[in-house]
Amino acid sequence: MLATTGLGIIRGERAVFTDIDLAVEPGEAVVLRGPNGAGKSTLLRILAGLLSPTVGRVTWDGAAIADDREAHGRRLRYAGHGDALKLALTAFDNLAFWARFEGTPVEAVDDALDRLGLGALGMLPAGVMSAGQKRRLGLARLALAPRPLWLLDEPTVSLDAASVDLLAGMIWDHRAAGGMVVVATHDGLSLPNARTFVLEKAA
Amino acid sequence: MLATTGLGIIRGERAVFTDIDLAVEPGEAVVLRGPNGAGKSTLLRILAGLLSPTVGRVTWDGAAIADDREAHGRRLRYAGHGDALKLALTAFDNLAFWARFEGTPVEAVDDALDRLGLGALGMLPAGVMSAGQKRRLGLARLALAPRPLWLLDEPTVSLDAASVDLLAGMIWDHRAAGGMVVVATHDGLSLPNARTFVLEKAA
Amino acid sequence: MDAVATFLAMGGYAGFVWPSFALTFAVMIGLAVASRRALRKAQRQLELLEQSRPARRARPGKAA
Amino acid sequence: MLTRLANPTRFLRLADRLLPWLGGLTVLAFIAGTVWGLGYAPADYQQGDTVRIMFVHVPAAWLAMFGYSFMAIASFVGLVWKHPLADVAAKAAAPLGAGFCLVALVTGSLWGQPMWGTWWVWDARLTSMLVLFFLYVGYIALWSAIDEPERASKAAAILALVGAVNVPIVKFSVDWWSTLHQPSSVMRLDGPTIDPSILWPLLVNAIAFQLYFVTVLLWRMKAELIGRRVRALTLGLAAREA
Amino acid sequence: MSAFLALLRRDLRLAFAQGGSVGLVIGFFVIAATLFPLASGPERAELARVAPAVIWIGALLATLLSLDRLFQADLEDGSLDLLLVGGTPSSVVVLAKCLAHWLSTGLPLVLVSPLLGLLLGLDPVGIVMLVKTLLLGTPTLSLIGAVGAGLTVGVRRAGILIAVLILPLYVPVLIFGAGAVDLAALGLDTGPSLALLGAVLLVSLPVGTLGAAAALRLAVL
Amino acid sequence: MSAFLALLRRDLRLAFAQGGSVGLVIGFFVIAATLFPLASGPERAELARVAPAVIWIGALLATLLSLDRLFQADLEDGSLDLLLVGGTPSSVVVLAKCLAHWLSTGLPLVLVSPLLGLLLGLDPVGIVMLVKTLLLGTPTLSLIGAVGAGLTVGVRRAGILIAVLILPLYVPVLIFGAGAVDLAALGLDTGPSLALLGAVLLVSLPVGTLGAAAALRLAVL
């Protein structure tokens, strides 16, 4: 279980947010909302261990994630603004690299591509894909192997309606299997039974 | 008036789309829709003169834009996937550069910033802004000086609900003054009386 | 025998003359063979593709 | 002629008709020139048998220079008249020119060791040849760095033309530079007028090299044209199933 | 004209801003030129002999290192699209960017070169000639470099590709530039070298501007 | 381990892929080293004297030019976040990237260096020593360079900033490396120089890896 206590962060000599207490249980989805600049991306990076909070701490089953960042890394999947693709490699090779890097069997790659409707594009270099196709290829990592915590920063950007539904379905399956999701979004990614957590604009 | 006849383009030796006939009258808004990879961004770049179609032509009041790209450049505003910001410069300086570059008086910059709710952030370097704030700063160029044709590629990406309404309002004012808009979007940017143009996935 | 030996000796400059010719022919034959091979490969791929137009997954990258 | 050949299929058909003849002639000319040059041409009274290196060195040097001119002209035709075969021809010629350039450099070097006592001097002619080789390398590198053929061909054409403007300047600067520092310290290459007994096999070999150039150029152009079609089909196929 | 000035001004500001390139270019130039005596041993007479070569090559490599961002940064953030579609001829855009590049790279190099000449034991006559040749030669480096930068914009590993494309084209500038300093040291006439450097600059002004403008139009396609 | 191999393999593929860096690095190295005689004049004896310095500096600059993309490319496309948060120690990530960098940059340089030695008139003894020193020295260049690349990742104008940060650190390698070739040409004992080069490599292995890993962690924060 992921929890934060009294989280606050100062960036550029201004408090982005203070005193965030957030707990995510298995099977739960939290949707981060708030105006631009409220700190949604910042919070997700803190939860991923990519950024250290100025005050407060993030814990997993009671243990601070800062004590063992690598173990924390192995239980989460983070999808940020970048798609983490090498444009010179094919879709398949891009995904296969991430599979090998995390020790997942490469066989999972074909399924993951199919899952995101990219089966036919496997041998296309990522460089010629459209914005939404690239985004889907980036999200295909989620389907490689199960990990308990998904942290998604505006995952629906550039996706068409069909792909948004696909993603919603993947999140649903993930939660059904006991996974947790924290997702920042502005638009209508509708997740049933999701808890909304609103970040206000700091003063 | 902007019109295309029999527009088609081959990218990577594959036809992205063929036979696009599209006409935009003053005051009209066209919303481009279609699945990922259908060619919305490609079409917008062609309309801007940034890409040459393989077949067909784009005309403005009957004259091909390819004959005088510079004149065409002076009557349009294009907002693509990038925000065209220099992260080291402040919001004000960024916008002031574009104003000078196109010959608009620099006085217009403050108004444009206010228009997009960035009045208070004028002296902040663009580099520390959040995704949505950057996007708004990019869109602030639209408010610099009137130009008849706006070409917007997924302008609402990363914008919060309030900013989306703001943008819709700007588009409305622009059309009321006789301007034209072509906008590609996946989500719910609702423009009253807009015509929807659907690009199908090429065969 | 002698004629062959003197010919091969190249007036004492065998170490310069023969490598020159060898390199020249190696480069030219190498380029020719590589070009032929690229041509053959392209032709084969084209045939394959034209035969199996409606085939499920075309993955030339894997085959190569 | 040019406009009729603009059609790639017609070009391919013509090339198929020509190629067997060209290939045969190339082999014959090579055999004739090499046997004549190695076996029958007399050794030079000064240079001894090293003079035989000339039979490969000089034609290679000529073709290296010819190759770049060919590329530059083809690039010009491609850019200005948008002739669809021009950029294919320019691309196909580059590795050939680079190969000949390499051969000229290495054989010259192998000739220089016995004649001048060193593998390399910074003589004007050698230096400008080296620069030419680098221009070839840059041209090939640019082609391979850009994936889209349409864009790569235009970019490479611009480079070839800028290079073509520069080649005379390079040549001139190098002449001026090296004669200044080293007035005729190395042997002049324009020594005694060449004897016909050497000139003839040299010319035969030069023709052989030229025939080789045309033959392999046609193979490479064919391969490139077919390769583009393959690429089109695979991309089209992949996208259709999406 | 206002577009030209606006772009010039912006690029200069970015170059001179915190984290900008000017200080770094000078630093690189000075370090690269001082590495040479470290690697070759400190004999003074010999150093002075190769000093023009070392300084000229240092200037050339410093220019090169700063070239790969010339258009790349604008491409990545989307500015290039707007610069090219803004109704200003693309050759004007290129010219403004080249001038800014020279003012923020070439000119600072010229200004510190006497110091390096002194460090490497060049005599006053040589130093004066060094400054003169660099002043005539560095704009050419920016202009020819712009073609390479334009051709490689948006290409992976652009930095080193530019180097390979452009260095052979730099040969004449290098030969005339460093050669003139050698001549001056020997007390010979340097008039022709300087005239030739000027001629090369005049040729590269149109070739560089038009070539780079054409290359850029390709890049955004 | 599988993460290490996967990353090594990917980076090598990208480097050797069409448009990759290997050919370009060699091209740059050869061109930069041949520019020297063009700038300094063609006298053979003098050239051979400075040849070790020229070749070593060429290798150094070629390494440098390829360094600025070492982590930058991964930062820009978001890969770096995932590499660091993927549960693999960041020092392993750095080590894999350094090894790939050396295999695709340093090793090719070592392989072409004899040719350059020949062009610049170095004798066989000198050429052998050149290869030995480069073999020992280039891995150090990659390792130290990684620290600079890590520190400047995400910084504008990283390329030239790396140069300024890193070149001073390269000084010992350069002095021992080029110095040993000079010694060999004079017939003197090169044992100590080689031993020192080896020692520098051993020191930079942990320092470079851990330093770069720490720098990277800062960069993504």
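Each chain gets a letter, A, B, C, D, E and F, in the order it is written, and its residues are counted from 1.
In this section, contacts are C-beta pairs under 8 Å (C-beta built on N, C-alpha and C of every residue); 3 or more make two chains touch, one makes a residue touch a chain.
If you want to know which protein each chain is, UniProt gives these names: A, B = Heme ABC transporter ATP-binding protein CcmA; C = Heme exporter protein D; E, F = Heme exporter protein B.
Source: prediction; values computed, not measured.
Undergrad: Which neighbours do subunit C and subunit E have in common?
TA: Touches both subunit C and subunit E: D.
Undergrad: Identify the chain pair with more contacting C-beta pairs: D-E or D-F.
TA: D-E
Undergrad: What's the farthest chain from subunit F if centres are computed as the mean of the Cα atoms?
TA: If we average the C-alpha coordinates per chain, B ends up farthest from subunit F.
Undergrad: Computing the C-alpha centre of each chain, which chain sits at the greatest distance from subunit A?
TA: D
Undergrad: As a quick test, compute the distance in whole Å between the mean CA positions of subunit A and subunit D.
TA: 54
Undergrad: From the mean C-alpha coordinate of subunit C to that of subunit D, what's the distance rounded to whole Å?
TA: 17
Undergrad: How many angstrom between the C-alpha centroids of subunit C and subunit B?
TA: 53
Undergrad: Cα centroid separation between subunit A and subunit E, in whole Å?
TA: About 45 Å, centre to centre.
Undergrad: Find every residue in subunit E that makes contact with two or more other chains and list them.
TA: 19-20, 76, 155-157, 161, 164, 167-168, 171, 175, 179, 221 - these are the residues of subunit E that touch more than one other chain.
Undergrad: Enumerate the residues of subunit C that touch no fewer than two other chains.
TA: Subunit C, residues with two or more chain partners: 57-58, 60.
Undergrad: Enumerate the residues of subunit A that touch no fewer than two other chains.
TA: 81, 87-88, 119-120, 123, 128
Undergrad: Which part of subunit B faces subunit A closely enough to touch in the complex?
TA: For subunit B paired with subunit A, touching residues are 11-12, 34-39, 41, 81, 128-133, 135-136, 154, 156-164, 186-188.
Undergrad: Spell out the residues on subunit D that touch subunit C in their complex, using ranges where they run on.
TA: 34, 38-39, 43, 48-50, 52-53, 56-57, 60, 95-96, 99-100, 102-103, 106-107, 110-111, 113-114, 212, 215-216, 219-220, 222-223, 226-227, 229-230, 233-234, 237-238, 241
Undergrad: Can you check the complex and tell me which residues of subunit D touch subunit F?
TA: 118-123, 127, 130, 134, 137-138, 141, 144-147, 174, 177-178, 181-182
Undergrad: Help me check something: in the complex, which residues belonging to subunit D touch subunit E?
TA: Result: residues 131, 134-135, 137-138, 141-142, 145-146, 151, 154-155, 158-159, 161-163, 165-166, 169-170, 172-174, 176-177, 180 of subunit D touch subunit E.
Undergrad: Contact residues on subunit F for subunit D in the complex?
TA: Against subunit D, the touching part of subunit F is residues 18-19, 23-24, 27, 30-31, 34, 37-38, 41-44, 47, 118-119, 121.
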